[in-house]
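The same chain A turns up in both complexes below, where it pairs with chain B and then with chain C.
Now for the complex of A and B:
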């Protein structure tokens, strides 16, 4: 059963992504695309003539997607949270190297920004893992989901996690990596056709990746986890509609001061 | 014992042979044979059981005292020649202290030389990685603008240095350790000054005076040991308890902080980067600076669960994050590598000072994998310097088209430092788990954990920033041909990469955890991908999109320059922490 879920993960993420576009359209009183738009896009992209800059660049997108998928599989199988975080880092670095490997200003700046994003959210993700470990006594997701009381003991850590969700799903105020109006999509710019489809599907997987962390705070109770995910989903889109993009350096600064302080305060509180 | 003697004498014999052999091919034969024998010897010692001890005779001890005095007088003389008051003052201080200690030193109790499992592990690093670097240095020195004799002296000097290193890790007497510590300082000094220009000389003198602080604190530690415990042996000192043991241990650990170039002493290691690259690789990254974590590991039984151990581990962890941060403002590749060496040495010392069995094993693993990866990176940097005359990463833009293979080696080095399943990454990963498990008993470990996490993230930024420069395509106007790497460079690099892979495999297998093995799958997949998807030529090529503009392409790199105020706070902070080690040692 679990393998079916793993196999369906990109589709699941695609639905979340489609749902998000509907939600945002409703928030802006627009009609918006249908729920299945990501899949229509897929057929459209597969039908297009694929142009590539050079082979390693294209292949790195494929590698990025599969390593990310592997990471999602590890989440569903209940592995060690730290392994999952670093597998995700690996996937991210593949994309960054891909961005650097082409002679395009936008792609290069996009990679620079992706790198800064990694530097910003990586420590918080690990601190979240450590916080969950301190309460549950294990880094294994399967063990973490057998306990509860994370939200009452780690409220500030949860707030810190909330702050990095927009970075991962590329929403304002932290959508610096993509920033369509300034750097025309950043790393994504040089991809087309089937290879862009891989990158597009990676985005779906990113949604599953970051919202799994939110879900973990529900612990044993599935409905609490689901409510948390739904709540954060709403909140992130609300904030996205209401804020402007900050500069990359500001993003790092905000995360390193506010989110880091929240996380450390919470951990110190649990320990003392 | 014969094997240990081989490890010590063989490099010296080989260096004498080298001096008499002007033919490069003959030199290669000698060095390859030595590398093979040393590696074999170190490996068979590593797999052997038991502790070897050896008592030095009276005359040998006398000779060491004489050599020590000569060495200190030489430092004094150098201080006078180059008119450097700090060098002179510290050398004079050491002479006085050393003279006083020799006058009250008790008759030897236990053996001066002890080969335990830690020493055997160090042999593996010193002879394996060190040997490969010597092999590389022959080709490197070929293009050095200096006399042939001096070139051979250089390679021979590196070999002699190997035997000094082999000796320092088996010294049980603090005074013998002091002598060898000063010998490594001498090696640093002479090799940094090798090019003998103004900058080299200034930096060499800087290394000399800073490292002599280490010598002073070792002597003070020995003095405390003699007064408190009537012994100058590490093992006797570590077995005793109470009294002033923590003061002695604290003073000795301070020497480790100096040798490991922890902030505020990192200046000497960065200055050392003006030396020829094999020196940077050998002394200032792969072997000599490893004395720092080695010494902390040796003292770990006394440091564990003491205030002194606590403060050392906090200093180490803070150095890890501070050095990674400071490195972000640099643009010379070797300086960046130097800073990251300082940072990782801090991490190793932090883990060693925590002193649980698990963290000690982690520190050992980090030492080995760091030596391999950093040697690979430094030697690759040397190739770029020799073949393309590029030292600054700003000049290395688009290096991937000019020297694809070297860039491949450098990227592999970065990947081996940051990603699963390679040893150094695994070490950091297990360190997070290990420190997290200690958090509940010692909440102060939160500082170490936080530094580890943030420092690792900053290092990812640091390494991949360099990667971005290497990968970014060069300007259209300049078209330059790719230069192939000569085999004199290629063979050592391939050997190091091979050992990194083998080491990672071995380390993964040692964990006996199926999930850890599975962590290697994505890396295998990525390396196999080009052969899985063969027919990439069926896709049409296009030019990158430039928004219709026609600008010369120049990629920007990420820099973070800390303000002068922040730097001053950092130096004063670390300076006072360094002094605090001695104060805490004296009080507890």
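Now for the complex of A and C:
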């Protein structure tokens, strides 16, 4: 059963992404695209002529997607949280190398920003894992999901996680990595056709990745987890519609001062 | 594949290029993409990246400075692709017709599929043109489409290197 879910993970993420586009449209009082729009886009991309800059560049996008899929599989199978975080970091590094491997300046800037994003959110993700460990006594997701009361013991850590969700799903105010108006999508810029599709689908998997961290705070109760995910989903989209983009340096500064302080305070409170 | 062809018209991604327009048509395009006219309900995304777009929305008569970019952007869009010329300027040169720094219309450089009249073209007309363009897009094959004129090569004019065709204006239309 769990293998079916793993196989369907990109489709699940696509539905989330489609739902998000509808939700954002409704927030702006417009009709918005159909729910299945991401899949229409994917089918259309299969029908386009593909332009390849050079083979490793195209291949790194495919590798990025499959490593990310493996990460999602590890989450669904309930493996070690630290292992999952570093696996995700590896997928991210593949994308960054891909961005540096072509001569497009925008691609390089995109890679730089992608690195800055990793620098910003990675410590918080690890602190979240440490916080969950301190409460449950284990890094294994299957163990973490058997315990309860994360939200009461780690409220500030949850707030810190909330701050890095927009970075991961590339939403304002922290969408510096994509930034369509300035750097035209960053690392995505030189991809087209089938290979762009892999990046498009890996975006769906990123949604599942970061929202599963939110889900972990629900602990044993599936209902609490689902409510948390739905609430964070709404909040992130509301903030996305209401705010402008910050500069990359500002993003790192905000995360390192506010989110880091919240996380460390909470961990200190748990430890003492 | 035949199955995927039917999805072309469900997700047209748009590349918008201003070839020396007065910004009137660009504002109307943005209005069409905005909440009131909501082009996104047809699956339209304004990508801004030629390699990922299907529909090329061009505004403005082609100025000397912009023609090289126009051709370059056109040839970077992977097939199948559709060109929609927005506004009178793109069709005939409009109010700029006959000016010293302007080519009269984009169809001297790239093949155009849909013309939108109007100065500035209204958002309703732009939406109509996009929907018309989708029919063209679905009928197209994946054959490579070339611009009428390329600026890739280099020629020598008066002992100076110049991009091919940049030094002289293209021949005017037969009956001007």
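Please note the rule applied: the second predicted complex is superposed on the first by the 272 of 272 C-alpha atoms of A that agree within 3 Å, B and C clash if a C-alpha of one lies under 4 Å from a C-alpha of the other, contacts with A are read in each partner's own complex, and residues count from 1 in each chain.
In this text, contacts are C-beta pairs under 8 Å (C-beta built on N, C-alpha and C of every residue); 3 or more make two chains touch, one makes a residue touch a chain.
Please read all numbers here as calculations on a predicted model, not as lab measurements.
Under the clash rule set out above, the superposition-derived model of chain A with chain B and chain C shows the two partners fitting side by side. With both structures placed on the common chain, the touch criterion links A:108 to chain B but leaves chain C unconnected. Counting residues of chain A touched by each partner, chain B versus chain C, the larger count belongs to B. Of the two partner chains placed around the shared chain by superposition, neither chain B nor chain C is touched by A:23. Look at A:254: by the touch rule set out above, it reaches neither chain B nor chain C.
By the touch criterion stated above, A:191 is placed in contact with chain C alone, chain B being left untouched.
Taking the C-alpha centre of chain A as the apex, the lines running to the C-alpha centres of chain B and chain C meet at 110 degrees, rounded to a multiple of 10.
Applying the stated contact rule after C-alpha superposition, one finds that A:12 touches neither chain B nor chain C. Of the two partner chains, chain C is the only one touched by A:44; chain B is not.
In the superposition on chain A, A:119 makes contact with chain B only, not with chain C. With chain A fitted onto itself, chain B and chain C come no nearer than 5 Å, counting C-alpha atoms only.
Chain A uses residues 49-51, 184, 189-190, 192-193 to touch chain B in one structure and chain C in the other.
By the touch criterion stated above, chain C contacts chain A in their complex at residues 1, 3-5, 7-8, 10-11, 13, 35-36, 38, 40-43, 47-49, 51-52, 54, 76, 78-80, 142, 144.
Listing the residues of chain B that touch chain A in their complex gives 400, 411, 418-420, 425, 429, 432-433, 436, 439-440, 443, 446, 449-450, 453-454, 456-458, 460-461, 464-465, 467-468, 471-473, 515-516, 519, 521-523, 525-526, 529-530, 533, 536, 539-547, 551, 553, 555-558.
By the touch rule above, chain A contacts chain B in their complex via residues 49-56, 58-59, 62-63, 66-67, 70, 79-80, 82-83, 86-87, 89-91, 93-94, 96-97, 100-109, 111-112, 115-116, 118-119, 122-123, 126-127, 130, 133-134, 139, 184, 189-190, 192-193, 260, 264, 267-268, 271-272. Residues 21, 25, 28-34, 37, 40-41, 43-44, 46-51, 180-181, 184-185, 188-193, 196 of chain A touch chain C in their complex.
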